[in-house]
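You will see two complexes here that share chain A, one where it goes with chain B and one where it goes with chain C.
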Partner chain A sequence: MNNIPGKITMSEWSEIFNSLPEKIIERYCYYNNNEWGRYLQPPATFFVYGARELKRLKFDNSLAALRMWGFVFNESERLFRAKQSGKKVIATCGDLGTVPVIIMGFPDCIPFYPECIWWTPFFNESNVLLEPAHQLGAPEAACFSKAALGAFYKRAYFPKPDLIFASTGASCDDYSCVLQLIEGLGYEIEWLEIPYRRGFDYPERFVKYLTNEYERVYKKMKNLTNFDKPEQLAETIKKINRLRLRVEEIKALVYNADISPLPALELMVIEFGNLYGYADIDEWLDIVDMIYETVKQRVAAHQGVLSPDAVPVAWITPSADPYLLNLIEDYGMRVVETEYVINQALVKIEEAIEPFTALAKSFMKASLIGSTRERIARIQKAVAAGRIKGIIITNMLGASHCAMETGLIGYYLRDVPSITIDVPAPSGITEQIKNRLMAFAETLRQGYYE
Partner chain B sequence: MNDILNARERFGLLVIDEKPDRCNIIPLITSHAAMVNKTRLRDYYTDGEIMARAQIAAIEEYGHDAISIFSEVGIIAEAMGSKFDYPDDDLPILRTPALSRQSIGEIKIPEPENDGRLPIYLDAINYAYRAVGDRIPILAYIPAPFTTGMMLSEPENFLIQTIREPDRVKEIMDKALDAAIKFSYEIINAGALPMIVDPLASSSVISPRIFKEFVLPYERRLINFLHRYDLDIILHICGETGPILDILPETGADLISLDQVDLKKAINSLSKRMRIIGNFDTSELAMMMPGEISQAVKHMVAQAKNSTKGYIAATGCEVPIRTPRENIKAFIKSAKEAGWYWE
Partner chain C sequence: MVLGIDIGSCYTKAVLFDGQIKEKMVIKTSLRPVEAIEQVKEKLTGYKEIAATGYGRNLIHNAQKVITEITAFAYGAMYIEPGIKTIIDIGGQDSKVIKLNRGVVERFVMNDRCAAGTGNFIEKTARALDLSLESFGQLAVKSDKPETIDSLCVVMAETEILSLAAENKKLEDIVAGLCDALVRRIAALGAQVKIEPPILLCGGGALNQGIIKSMNRILGKVIVPEAPQFLGALGAALCLNPICRN
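The block that comes next holds the complex of A and B.
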């Protein structure tokens, strides 16, 4: 393989893949199953199975990244295989990062996030999941998380979950409505309520309340599995912390390197892996370790995938369309800070206190349950430190937090230029959007705002 | 019952051992699509966009579950130097095999983007993939090395050489294999699933011994290459396959498309190791009345739909070009009714 870091196309990955020795392809299997668990495949494999956007995306050219993409794109199959091999598949919706920790404490239980399927219509450049969602009552103007409704209806993207947990309360309204429509299809949902945080000095009773909610999740799982070892949760928390720490290390290396050693798209996928490890947490940990080693080596060698003069920007709210992350790099920007509404999945969970309380306390850092100012505190620090030249905000049509927050985010971060992109429907990125991004990059580069 | 899934979702579930809403239905509608689209056959196989549009028109007309990019088995041999005539209203006909003019050493491995009609197939895949690739799998039929070998030679001579000059045949096969691999690679990168067709490896043409020596190793190597990509590979062999049923799993194919064989026997023999595709008699499809077809299809699907590793309702071979449309509609309608799985 080529050791010079870079971004390559799907076809270029196929060429490299052709020369990979068989023993490397055989090495990587999910659930340690060599019969159906192999996942080291080039993007072209998933292109054949309908992921049409892959032809225009560019990917990191490391083996670690290839492994990551193969693993992530295999998730749907992995969930079916989990069920076929006797594991329990548990849907955990809405809280983004905490309930799965409880689920992973039970043997052979696999948590996953149905709403994370919102990326699928974009990778497939297709309305196949969105159209049935519209027909089932999610308006066209609702958040793309409605793809989950289409997926629950079709039963072809993940198996019927053994249990469904869904957060409500201080969650995104669109997502919450989508889940109610899913319940209307006949799925039984165990709701848990998450409180709204008014400032970081929230009352202690919030933690107690959440702790009770998490204990309720535990009891449900205990009844499902006949397994009852609360001490296992402490062990799972340690494992999750190891993942979160490793991801923080990768982000720090990427953000602070002279030349960006990893593309923004790959880094977004890594960040979201913190939610649940893409349905095989042990394998995902191993992949993240491999990426860390790759990034570390690149930084040490002063090598990277972007131009050294790429303009540093922060990205706020994840884009449902991965292509946008490619584009901004094509136009000469690099992402050095993010706020992808998953702050709660990035923080270390306390290990020295009672586990449910520790989970509750970690969740109280959540992006969406407090004020906008709290949500972007980290970005503000980076701005103050002069690390960021511009802000990109991607707005999801209909998502309640976007409508409410986008203007405020721009206001609070008014010390740096920002651009807001309303992410259009699949394959809807127009020349106008490209031109706006290009112009934004150019003005940042020329320093017109300074 | 109305379909819940689209064809891509349905095929996706099949290949991971899950039951879809109903069984996949993929009669081998290839050049017949030209009739549906009211296209001259010669235009169908010499213009990729027309081929794709005809295939899409057929899907819209019948509602089956895959696009079939294919016209005839000579495409790789042609790109390697064999000459074909292009009748207006018939499929290409082998005029001069490459090996009647050149030595094996002079035969070149074709560049799929430039040589023969391979670029036409790639154009067709590109067009169909852009148009319907999110909803419908695109199958690109690839002639297997043995079939291509025969199209590079005088077919009768080639068969005689398997006995008298086996090394020469293997030399030809090596080249045909390289060409098939190279073409498959481009097909994958264009977005289609390669489907290997080896009609001339049928037991109607060669013995099981010849199959083992000259067909099996090359099919296996081609499939091994495709398996590196973790693709689910269909192998289609026309005609009689009863005598080689037990050998077929050794090819490594994930799905086996069968023609003239007792379906029950094939299921008993293969269904724990391969997904079964087949095998409605194409002469009956062309000649029988729609009502008779419905009854026979229902019987076939009922017999096979619960095969251990899954089943695709299909014809045993290509749908004859001038098959009445009502007959194909009857096939698909009754296969949908009989092949429903979900409650």
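The block that comes next holds the complex of A and C.
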């Protein structure tokens, strides 16, 4: 392995992988099963299986990153293996990080997010999931989360779930509609409702309501598994907190380092892992620990993957198309703060109180269920502290929160240069978008060195 | 001496610069930017370095410096009139409003997804009226009472033109109304960055007298440089200047 940090292409990864000793490949297994659980594979493997978009991306060249990508892309295989080996596979939709904690408290139960394939279309050939979704009634203008409809219909990306939990209320309207179409395919869905927060000081009854909803999830799981040990939930919360703390440490190291020690793309994948550990929380924790060590070593050695003069920016709303994260780094920017709509999955869950209440209180911090002003409060602080020189806002056409929020976000953050990118359909990053991003980078650079 | 090239979607513009513009040329890009670049290099000689801008900028492989039009326009504007606070560029494919603060780009907005507010809008509507671009501008200037054309979409504007023609409205008033529609679109775009005078108008659209008249009426007096379509190429050349580099 090359010890000098950098970004490499899919083909370069294959060359490095070929030189890896077998004992390293054997070392990493999902579900702790060395017989069929190996997942260390170069991104080219997944390219062959249809993730065509990987070809245009650049990746971090550390072993930890290779392990992470192998694990993340192996999720489909992992879910089918889980089912084959007698585990229960539970779909959790639209909830963003809390229902999986309850599910992980049950033995041999694997939570997963069908909507995490919201970004599958950006890695796979674009029409594989979106076209069937359109044919099944999802409007062409709807959010890319409609890819989940195509995935349920094709039954190709995950096995039939033993249970499906779906959120409605203060969740993505488009996704709730998509889930109703999924229900129309014959899938039974257990709905739970998330209340809107309406402000920093929300009524206590909201927590009570959500606590009841989570207790209902628990009962459903209890009926499915005949397992009933609520105290196990407290243990799971501790494990989840360990993950969340570690991710916070990685982010702090990356954001504050003189030279960025990890690309924004890898960091986004790490953040999203907080939602459910990519369907194997123990292995994911180990991967995150390994990434943490890699980042720590790089910071100590003053080494990184970007130029030391990269201009610090914040990113609001996930990029959807991962290529955008590569692009902005190519143009001389680095991401030092994010608001990817999953902030509630990044903070510690209280351990000293009743677990369901703790989960409800944790979720009520979700940025997405409050006002726009609350959503960008942390970014505003970072701007005021001089840590951020520009803001990139991605607007996903059709996503209900984006339609209302994107303009407001730009307005509230008007004191700092910002750019809004309407994320086009997969492979749709045009020269115009590149041109605007490059011009934005030039503009920030001029201001940065003023 | 340096060569600044601006490879736009419709035209490729180039200047030879040595403290001042020595020579300049413009040719159609015509979807063949590489050929256009070769023609420029054949015609304009004697340069030591090349700087490129415009949508085709990355096609010049031996360029010493490659910058976006946003930065290039800012450099060019500062050379022409150092006090400029807003640049409005009406290009063939897009339009831009660039806000400057002491010569540095502070904010910019671009309309690059729709023909409304771009030179394309004028080209398409001129074609619908069977007018050359030159006569389009000359006619618009004659109007004292521009018609109101609400449609910003070029397709819908064509329908509106037909309706106005059917009502026997004066052609110069229809044409001036089209110029107003384009300028209103740019004004709405520019509101995001707050257009402030002095305003410099550049790009191919700045060659159209009708647009200039509408600009002056709707946005206030605009400054039009002698060769507005060369501002990007000039700015690219200037970015190789040691003063700009620093």
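By definition in this document, the second predicted complex is superposed on the first by the 446 of 450 C-alpha atoms of A that agree within 3 Å, B and C clash if a C-alpha of one lies under 4 Å from a C-alpha of the other, contacts with A are read in each partner's own complex, and residues count from 1 in each chain.
To be clear about the criterion, contacts are C-beta pairs under 8 Å (C-beta built on N, C-alpha and C of every residue); 3 or more make two chains touch, one makes a residue touch a chain.
Remember, it's a predicted structure, so these values are computed and weren't measured experimentally.
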Check: Quick one: chain B and chain C on chain A, clash or fit?
Finding: fit
Notebook entry, point to check: For A:Gln297, is the partner it touches chain B (first), chain C (second), both, or none of the two (neither)?
Noted result: neither
Check: Touching A:Arg81 in the superposition: chain B (first), chain C (second), both, neither?
Finding: first
Next item on the list: Check whether A:Thr225 is in contact with chain B, with chain C, with both or with neither, and answer first, second, both or neither.
Entry: neither
Check: Is A:Gln41 in contact with chain B, with chain C, with both, or with neither (first, second, both, neither)?
Finding: first
Notebook entry, point to check: For A:Asn18, is the partner it touches chain B (first), chain C (second), both, or none of the two (neither)?
Noted result: first
Item checked: Which partner reaches more residues of chain A (counting touched residues only), chain B or chain C -> B
Notebook entry, point to check: Given the superposition on chain A, what is the angle at the CA centre of chain A with arms to the CA centres of chain B and chain C, as a multiple of 10 degrees?
Noted result: 90
Notebook entry, point to check: With the two structures placed on a shared chain A, what shortest C-alpha distance in Å links chain B and chain C?
Noted result: 23
Item checked: Footprint overlap on chain A, comparing chain B with chain C -> none
Next item on the list: Would you tell me which residues of chain A are touching chain B in their complex?
Entry: 10-11, 14, 17-18, 22, 25, 36, 38-39, 41-42, 44-45, 47-50, 52, 55, 76-77, 80-81, 84, 124-126, 128, 153-157, 159
Next item on the list: Please name which positions on chain B make contact with chain A in the complex.
Entry: 4-6, 8-10, 12-13, 16-18, 20, 129-130, 133-135, 137, 185, 188-189, 191-193, 228-231, 342
Next item on the list: Give every residue of chain C touching chain A within the complex, in rising order.
Entry: 55, 67-71, 94, 104-108, 110, 112-113
Checklist line | chain C partner contacts - residues on chain A that touch it in the complex | finding: 417, 422, 431-432, 435-436, 438-440, 442-443, 446-447, 450
